[in-house]
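Shared chain: chain A. Partners: chain B in the first complex, chain C in the second.
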Partner chain A sequence: MSDVLERPADSPLKVVGTRPIRPDGVDKVTGAATFGADFSMPGMLVGKIKRSPHAHARIVSIETKRARAVAGVKAIVTAADFPDLASEEYEGGESASNLRDLSLNCMARGKALYDGHAVAAVAATTAAAADEALELIEVTYEVLPHVIDVEEAMSHDAPVLHAHLFTEGLETRPETPSNIAQKNELARGDLAAGFAAADVVMEGRYTTAAVHQGYIEPHACVAAFAPDGQCQVWSSSQGQFMVRTYCAKVLGLEASNIRVTPAEIGGGFGGKTTVYLEPLALALSRQSGAPVKMVMSREEVFRATGPTSGAVMEVTLGATADGRITAADVVLKYQAGAFPGSPVGAGSMTALACYDIENFHITGYDVVTNSPKVAAYRAPGAPISAFAVESAIDELALKLCMDPIALREKNAVRDGVKAAYGPTYRNIGYVETLEAIRDHPHYRAPIGPNQGRGVAVGFWFNIGGESTAAVHVNEDGSAVVVTGNPDIGGSRVSMAMMAAEVLGLPIEKVRPIVADTASIGFSMLTGGSRTTFATGMAVTQAARKIVADLKQRAAGIWSVAAEAVEWKDGAAHCLDPAKADAQPLSLAALAARSARTGGPITAEVSLTAQGAGPGFAAHICDVEVDPETGHVTILRYTAAQDVGRAIHPAYVEGQIQGGVAQGIGWALNEEYVFDRLGRMENAGFLDYRVPVASDLPMIEPIIVEVANPRHPFGAKGVGEAPIVPPLAAVANAVRRAIGVRMTDLPLSPPKIRAVIDAR
Partner chain B sequence: MPRVVAIGSAARAFTGGAGEIEVEASTVAQMIAVLESRFPGFGDHVERRMAIAIDGEIHQDADGAILNPHSEVYLFPRIGGG
Partner chain C sequence: MIRRHVSATVNGDPVEFLSHPGATLLDALRDELSLTGSKEGCGSGDCGACSVIVDGRLICSCLMLAAEAEGRRIQTIEGMADGSALHPLQQKFLDHAALQCGFCTPGILMAAKALLEANPEPTETETRYWLAGNLCRCTGYDKIVRAVMDAAAEMRQVRV
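Moving on to the complex of A and B:
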């Protein structure tokens, strides 16, 4: 069920839209917050993983005898300790995952498919004993040719990763296996006619490197497998229910026997929407009979957990002389890593989502490569295709001598326009975001020598999905809000604010809790920019049930009909003229009498939220390029985004700033670098350079509010759209600074210096 | 009858290339059942892999959602996020 915006004009909001201090702030600032690696249990063992040093190799044998003899070693597991799962798609996270691939990514069976692929795991009483055992596990490999480059992987003579993989989406089933897992196409209109109607045609080829989500907290968990088969897991993830489901499937257990408690999470950005450690820790605990703690090193995070795809893209645009785009042909080739499932589908659907184009054709290829299986990363797939399309749009603006915002306004989608991916847009705020940057002083500020200004836009769908929330009223009149969504971006305080708004309580009187899988009903994981929208809807409905209950109880106390009771400012007010002397009953007063009026005051709501509103973003970026070194300095950055309604504006601004910062890193510095053997060469933050505070100016967010009528307070998802435009916004700024279009990310100093030298 | 539109190649592989289909159905569940009976495997594919937009509003797992005779239903790959 869904909810609908119902806010009388004369009823201004008192909590929603304000900026209260976050309830988890003190713990996080003082270091008291318990993250994944902070949890401990008596008798706990240390779990560690032996990883393949080869990008592609057949596992001939694994000998563990010498390792098991090491003092303190209590358990060693390999693929033989896990069920050999059949290929089956199962919805455990946001969308269906192939359980066989999920299991094989946790622990290699038969073949190691990338440098860092787990081949065995050890649990021991000390880290030193575990390390010694890892050294003594003897793995015999037959090293195979590997392929990482996406176009090389697509060629007919490339090493094939999976003998069972035949390209889906072709007109006829291929007779030989391929690394191309899927070809998908989206099309509308008549492409040839569209190009025939064009006065100018622009062609470009663009590439991006694989980049990691770069969360500060590494993957970590503690797992305890009790003799009676009851399991407990404490881990840092974006969804405790996802962890429960995937652990059950990978280990062949009943989900009902697994209880997962979410730790505080130190960043996820999509990278913690799957499991790596938890099934291994449970298997080690089952074998050893003791709790097992596993914490990845930073090197392991880079080598063995999902980055997002590197990609090659081709874009051809046709337009009339006055700037009307008549045709677009887009080809996207995305690395999936070791198993199918790149975000090329979303990249395809979002590529032209900001544009009203009559004739287009988008072709996407999902390609497996000998690199870590990609995982979701903020607006998965969208920043990559947007880099190509938004760069091409900028070239078009230059060719037509048009202002880049004016060109985008001329071709902008609006309410009533069909999105490139199909549905008709409603209640979108794209044009408003364009107007916001067009009218901002930044856009008119002067530009100096070696400086350039770039503009780019972006889109993300945002989603709804299953959520559960409970609201409990305490005996002192305060309330607890319980949800099943880890707080990765400030959702906890937003939940409390929506409950406080409905209950009429000050925010300090509402405590939000993120519960374990045994303590609250199912919720999809935190991702897809869904939590404030979908779980917020459940919270609001639960709070409304509480209000209805409170009104009923007050009516009983006053001996009037419930319709004669109004809930206002956190208290029941009697509207019956015959009871003119009835004093308002506060929530605290009603809570104190709860035993005599029906018992504890509590409500729980579970729903599948529909009607998520899409997010649009429009960014301006100023850069200065040092002609001596090729270094790019971000001088100024302004980011406008339609967020529907900002529940907590400071968090919304933080989401926008964070997305931009990550996008700038993607544009300028970040990339997976492999040696000729397919081994990652820069698996650490020293060599994999993410932007730090001193690299960035203050990123100025502009909150645009075009309310989503399907949410009780008008909210749309926020967290993903802001990472979509920066790659192209930076590249477009560099183009205007140096006069040469650079199409290969990252725009690192050596590349820029080479272009400047060649001018 | 509601008009079902599948613009992606993955969905059209089930329909023999047809991009638009009229379906006698008043709910999403009925629509999926009709698609399965007319194009074996397609209903299952829609249920597991597709998101549904009814008159512009995106739905997931919405068996009970109502379709009116003039509804336009778009099928496209299910969306996750980061």
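Moving on to the complex of A and C:
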């Protein structure tokens, strides 16, 4: 359990910081909650997708005549049924999307760019009829050479995925197309002088494999296209407004004609910040005139939805003998998958975000490859570059015979330091997280033979952005909180808690709901660790408007000035000494009189939240390596993180524990494996092995609270920072257990066994 | 394609449905009986989100043909609570915040129920190995394991 168990006794807060049961909890433990695939409509058809079996192929022709003749088949769509969009960037949740690429990823046009790329879709009365039709759709391909390895894709003689793609970010526009979509650079100081001032220089090359978010719920939706052009979509996503916008763009529809209702979402981790099925289901519904349900299989999820990049990285560090880092040169090469847009930009910006270094140069390459288009995955890009940098820092600590935490403290960013990515840090809690692990008993616990202890740190920006929230007071004095952000990890309870705190209601009296796109104002999707911060800010402001309204109404009832009314413990109190006999008016009492005091009591706030505080995490990992098998056991794990203020500490701990578990999977087991034809060989949970309960120990979170003054309760984003350190924390622990630096993830038993044998 | 008539007991009630030849028990529960609490995460028996108990034995309902359910007693997540009274496991999952997205939760609860029926006093290691067939991607399992062990302790108290 966490060090922060309960709200301090002297806290003026009654709800924030406690651990109430989530309002949607009973539905989740009884099986009543409706996830994407649980929704049905009368007369609904089954939609399925025909996918390319080739990693790279020209689509010569698609013949659907025989498929259309199958009894029960009602619609078949191909790229010809979608508008051929112009290239246009759209600013989404955490990153921009190119709408043309988004459309082409939903349905291949002219070329299939990866094994699993959709080439046609069918709707039929039964799954069997849809399957039969898929078999009968005849696609003629001209198979092309493919490339998946990021460095091979960068070479001048690699097969080119997009004839129109010319590298951006170069001084002169190149003459020939390339798979390098973009080169970006971040630099400060004088790198040569920095290395000249160094007593030691460490160089390393690191690689990570493409890994999938691995949410347990496959993508699913139901779409209904009415004859008057009004569309309805029910789907599992990280943002109903995102689904609305993307469907409108991909299909050439008016967004106002599309209403999207969010289903409960069975995990996303960034992977549900885009669309795959919804536009196809709408197109099939438009053609057939019936609602269409589409649900991916697990194989489809792996083959055709976003993993995050595999990468190759080079890190060179220079430092003085006493551990001051004088220079850092970092090169990052990230796979983007079939279309530009790897998270190398964020990987670059976060790479040195924990370090105060005078001279550095970071170069990032965004490289298209014949693999599924990457999607956001929890702190997109950051765990990858952190793996390289944190491994290099650990090597530096070993070389300098310095304690790895002391080395990090010596070079730590603090308030007032200009971050490597630009802004000046304010109110950050990085040093506090380092101190938290340094002073934790875990760091001093004895280590046995074949065991090692690794330390690593991580950073994530966290974002704010556009959010809307409404608060409605019911006639019995309870309240409803309405937001537009799907609740992936328990954010609904935090929304209710913040409203309850302001209103002075017990948490049980506040019901939070996540509304459809027609029932609440716009909100950016749930991502970037923004919901508790930004939407929480909107909720708090809406609740404060309610309180202001209630005070006004009470003042009217008492015939006093509004300033003479205080809101305390869920009731209006009269401060006017002339009205000493005025009894407090509770929320319930005021709600009962609302018709006579101005009508229904509601408030809605829309805002663009600024001032999201960045998140810093510092982790300790103990491993034991079995020299016989090369298997790594995680013995103990402690994770400290500055969260600003934990609104619901149990769900903050859950975010930390879950992020750590995903990072451990990334470090030890998970990877996309392709055969020589570029087909994914392990598209299932048997062969793509995510951590199971017996792989992990308890994961001890330490909640560090350095309040964010820009949030009404001090909150910072939580969900992403915890996945940043584990890759290197595990690798650093393995280094210290076996005495050899492992630089290629995952650290699978055969690799470790080979290193032990060669030792 | 001829559909087969199947009679079984689900959560104590007799049910009948028509099964396609290739339909799994999970398909029948979800599509024929509208019991959508059991989830399909993989369809290959690797994730455990479809876990149900058939004649006292924990299984992945995606790996059993619906036609094989003939005459069997099936327990699903929808039958876990006693009316409006939650099972101790359900309550402990809420108390410990042992779920985030909640998608794996029905399967994990069924697996945990089978564990406590087989072993009322599981160690942490036994709990972890028993639940190793149920994937959770959100929680890191920490709070799940605590909730199961806490429920086991409470159920032992009640038994005494």
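The working rule: the second predicted complex is superposed on the first by the 744 of 759 C-alpha atoms of A that agree within 3 Å, B and C clash if a C-alpha of one lies under 4 Å from a C-alpha of the other, contacts with A are read in each partner's own complex, and residues count from 1 in each chain.
In the analysis below, a contact is a pair of C-beta atoms (placed from the backbone, for glycine too) under 8 Å apart; a residue touches a chain by one contact, two chains touch by 3 or more.
Keep in mind the model is a prediction, meaning the values are calculated, not measured.
Visitor: Quick check on the superposed pair: does A:673 touch chain B, chain C, both, or neither? Answer first, second, both or neither.
Guide: neither
Visitor: Considering only the touch criterion stated at the top, classify A:269 as touching first (chain B), second (chain C), both, or neither.
Guide: Both partners.
Visitor: After superposition on the shared chain, which partner residues are touched by A:529: those of chain B (first), chain C (second), both, or neither?
Guide: It touches chain B, and chain C stays clear.
Visitor: Identify the partner contact of A:37: answer first if only chain B is touched, second if only chain C is, both if each is, neither if none is.
Guide: second
Visitor: Once chain A of both complexes is superposed, is A:425 in touch with chain B (first), chain C (second), both, or neither?
Guide: In the superposition, A:425 touches chain B alone.
Visitor: Output check: A:376 vs chain B and chain C. Expected answer is one of first, second, both, neither. What do you get?
Guide: A:376 contacts chain B only, not chain C.
Visitor: Report for A:321: first if it touches chain B alone, second if chain C alone, otherwise both or neither.
Guide: After superposing on A, A:321 lies clear of both chain B and chain C.
Visitor: A:575 contacts which: chain B (first), chain C (second), both, neither?
Guide: In the superposed model, A:575 contacts neither chain B nor chain C.
Visitor: Answer with first, second, both or neither: which of chain B and chain C does A:19 touch in the superposed model?
Guide: So A:19 only meets chain C here.
Visitor: Go through chain A and flag every residue that touches chain B in one model and chain C in the other.
Guide: Looking at chain A, the two contact sets intersect at 213, 269.
Visitor: Inside the complex, what are the residues of chain A that reach chain C?
Guide: Touching chain C: residues 19, 21-22, 24-35, 37-38, 128, 213-218, 264-269, 295, 297-298, 488-490, 648, 650-651, 653-655, 657-662, 684-686, 690-696, 698-699 of chain A.
Visitor: Spell out the part of chain B that touches chain A in their complex, as residue ranges.
Guide: My answer: residues 5, 7-10, 13, 48-49, 53, 55-62, 65, 72, 74-82.
Visitor: Enumerate the contact residues on chain A facing chain B in the complex.
Guide: 89, 91, 93-96, 168-169, 182-188, 213, 269-271, 273, 345-346, 349, 376-380, 421-426, 460-466, 527-530, 608, 610-612, 710, 717, 719-720
Visitor: Give the list of chain C residues in touch with chain A in this complex.
Guide: 1, 20, 22, 30, 35-44, 46-47, 49, 76-78, 80-81, 86, 90, 93-97, 99-106, 109, 124-125, 127-129, 131-146
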